[in-house]
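The letters A, B, C and D name the chains in turn, as written, and every chain counts its residues from 1.
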């Protein structure tokens, strides 16, 4: 089978590189187009990323590609015409307004944009996808295309890396019939979440930082859109995704000296109907989403893996499970104040960034939006 | 002024050493008696602690003291008789039952025992003291002495190192008239809390551990005793400290790669009457306890220091404030789910262990229980 | 092809587990026998290693094997008779004298012992093998067997984990005709080299330790045996490996907060004939050993990988190259005092422990000593 | 006594802050003038350094000082005229050429410049001072002033932070009559040496970096100037400091995950006359320099402290000894290849930066160059 050619915007950054690395042997997609800042444009990727390469062998696979200027959409248009770019992964790192405008431009020339950036997450008709949770939100895409007058292009984004470790587990409980009313969460987030150079080394030796700019708001709000419903979109009405009313979420986000893997300590209050600890474990163990049913290449076999040892999950030991795409959960126990407590872990630059984006693209290909 | 001679039980352990270090130039107390395991007994402290010394200059101050066998109370009795030991700090590290029995034996021979160990924390007539919070709980001491038939000896303990960063702030709010109903807490605790050798190095490189054995129970229960009231103790009735009914506490305790300093992310629900953020800040800024009024040597000038920078408190930057005895608080903000959120930090081996013990001893001396 | 059944002595320790993990899908060998301390004996491996498992999926592959008592050779003998154990990997962790005696006992009942322990490294007729360097030292095995009256059993060991990063490169230069006269080396060694629990966490946060017990002696002496020659072994003379006279080695061994991967900073003085920097690079790039010629399963494609970036090799980025079996070298430059400087890195628990042991076993199978 | 008013150039950087912190209660000097980049100029120090403060209480002492523009020398001139600035500490962080020119400008308006920057270290008539080693190099100052036509102003610098741990010990041996011919050194350097933000956090978790740009050249060359002699400077001849011919130095510089404290592993070859290990220890223990004789406020009591424990010095345990100004040395032992091996440690931002600069200023005040 011929692989679909794909571009990566922001290719020299950490997430961009992660995309290239994960797509190296992908059965469906092949990286044929790279774009980055004007500083990198015109250089071979090998040279543009020099001294910043974080993934072994990266330069060997796409090292000779000439990096395009991400700000100049015409270069992607030319690549598309030449059959070198059927859609793009966006890992752009600029001001939000710029990213929004730029991603729009790519969509306008007919390129689907699967974005890692936060810029479009609150655009009403842009879906924020976790493939196992809200795959039906792709139904907003034709509405989005129609509203913008876009033909094949569209924008779909993935949520913030901090929410993977609790949103899917909570969805599984909701799907099983348990209302989730309130959540209080503390995260212990890895340094790679801040990109490179990111957090200064001095601050990550014998220290933690109890603050990550903007992260708590994202952690509290994004799950509500993901759990929301598509409204409008009929004749003469704008389509949009309406937030779910529940759960109320309060997040404390902390940076800790860990390379990869965001951990969340979660307390959950259910509605009137409350599952037992055993039911919770059963629901999570048996949970499967559309990616599992479809056996999408990047999908983990089980979205949620329960670890029974008391002192797990731990980032170093558990972040890489099932291609680093599985969420590992441990310490499932009653909460003194709410109903349920647990610890969730997910790999922030794979499941929470490039891997999650690739899984979304696979879903969109399956649904015929990417071809 | 002649200093009161004091002994340290468990002198070669990390907390024992911290006691010796902090007492080096203490105006009231002087270390004259050291006891440890039979393995160390009979050796000079200098030699017994060899290869384990964690505090600079430790061996110079008490290096020539011959270490007694902590299991053999007669050695302390002899030291007491010789005017070398008026009371003891207990930093014993054994099975709980053994510690309980041993601390009883020391009290029985007339030595007040100020203990860092958890063994006696749930003994009904033993006070668990945070000097700024429940100094009136020392009133149980005569009741305790009478019940046991002890003369001068008694047992007073300090709480677990994990609760310092939120119990004093919450008490200040309660004292100001605000009922605290519910707490959900996540701690990020330092490695020194596990003693030495403690947590294996391999587990603290690029990792966190979302579990500390027994720590969540202590974090949830001990504040209730500290906030409780003395009951009984009259003729023919046993005296005891009755737990406070509130708050309900749920704790998630995590070990992180930090040397010293426990951080807590706290969400608070008040009763009907709720303070504004500004009131909270005012209450904490103005809070003073008995140790401050008495200007006890180990007391910090202000028990609570508020830091306004967004990304503070941080263990490395803030744990040492005011002799490492102050609690630093930051990120005071409303909670989406409860009423108030904040981050508290306290130095676990100073405020949360030896420093807190010394402050308690100073309080007990002031009250005439130590002399 | 039926795989050869192999046993692992010291199976619950870190190196033992590494053996099991690396052998999971080995084409020639299959783990069928596990032995450990009496404490673990009689339990399923799954239960015996509980709370200590360092490698994902370990319990799934061999979890149901009943752990034998490593001190009771008769259990291995029974396994051998039952076709469950044709040879053993020894990762025993006891006193040296005990290990030596125990490994002898296994050899005496006909089991080849490929050992990771240091106990037999200075036994004159026991080869210390780096498969790419001194594969001809296997010729001492028949001499050893004859001297001990052993039939199929024998003992072969691998060297200390600290020497891998410079011994192979130096051998390559010697083989190319350049005498290596003097070496001054500083190592920065990973924490996993000390096993588990190993180095206390408190010592590996914001710290390094400029000392590792016994490591400098091993780093200075073991290369001399590896570069030495077999002497004697004829009728009536004992066979032994005579140390090479050169190079003189001085080692400074440091422990650093790195999980895996030992780095060495090396200064080299050659004899009269001195290679240019370009020649050194050419020699190392082109160097291949017997394992490469034979394409042994565990052999890296190239034993030595040169990295040209200024700031490499780095443990986190380079330790895993080519199954973690390649040595990566960087910063090849002249020395102000000697002739040549470079930085070498090798993975201490793979190339420097279990992986190196497996490669040795593959070599010994190829040569017919294991079957 | 009225304290001499002093300015700090580069006040908002890490070294600038360290100066302010260390001078807080200095008996001779008082910080009255601060200058930094145009971005900070015109702001209160409190606001200019917001979010970058690394030292507790810094803003309280000088927080209200208005930061001057370091590029605009007229502001310092005005401060000098107003009696607010008698000399400056330079912790400028710019291009070397700019620093050189700017420091010249400050000297030209009559202000002595005690610099931490490397810009002027190779200016032939600028002394590179370690107060215990080459205090006589201040004799070049009048020569420097005359050559430039400067009146009261002059430039004196301190060496790189990496050389403190071996230069003073070697000087002590040379002074005792032992020629030091060759040195091979590996350093394990702290992250604070790279300033802030400095080394990215991702690179300092589970990693070391075997390279620090420019550091090996400095480590090899600067000791030669410090050990050199003043030549020329008479009528019609330029004065300069001639490098010492010995020792030949080869340095391997590594960055390790340590906050503060540079460790060096040193191998030394002496000339024909070689001290015994006991003599070396005696020389170092008894060594005192001019700062010790004069009892300068910042001088450690003993410049060199020997630690006998096998596994010391360690950065976390030993860097702060004697106001963080003492060099601690351990592992004194013979070298297999050269004559002597040892491990030296010094605090890089105190002894190796601001503390060393202050000690130099004290020396210069004593000699009458600062007043």
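What we mean here is this: a contact is a pair of C-beta atoms (placed from the backbone, for glycine too) under 8 Å apart; a residue touches a chain by one contact, two chains touch by 3 or more.
Values in this document were obtained by computation on a predicted structure and should not be read as measured data.
Trainee: Count the touching C-beta pairs: is C-D or A-C ahead?
Mentor: Output for the comparison: C-D.
Trainee: Farthest chain from chain C, going by mean C-alpha coordinates, please.
Mentor: B
Trainee: What is the distance in Å between the mean C-alpha positions of chain C and chain D?
Mentor: So the centre of chain C lies 44 Å away from the centre of chain D.
Trainee: What is the distance in Å between the mean C-alpha positions of chain B and chain C?
Mentor: 48
Trainee: Suppose each chain is reduced to the average of its Cα coordinates; what separation in Å results between chain A and chain C?
Mentor: 42
Trainee: If you look at chain C, which of its residues touch at least two other chains?
Mentor: Where chain C meets two or more other chains at a single residue, that happens at 54, 203, 205-206, 257-259, 311, 316-317.
Trainee: Which residues, counting only chain A, touch chain C once they are in their complex?
Mentor: Contact set of chain A toward chain C: 50-51, 54, 56, 205-206, 259, 309, 311, 316-318, 320-321.
Trainee: Quick one: which bits of chain A touch chain D in the complex? Just the residue numbers, please.
Mentor: Against chain D, chain A makes touches at 191-192, 194, 196-206, 257-259.
Trainee: Which positions of chain C touch chain D when the two form their complex?
Mentor: My answer: residues 182-184, 186, 188, 203, 205-211, 213, 220, 248-252, 254, 256-259, 263, 265, 267, 310-317, 330-331, 335-338, 341, 343.
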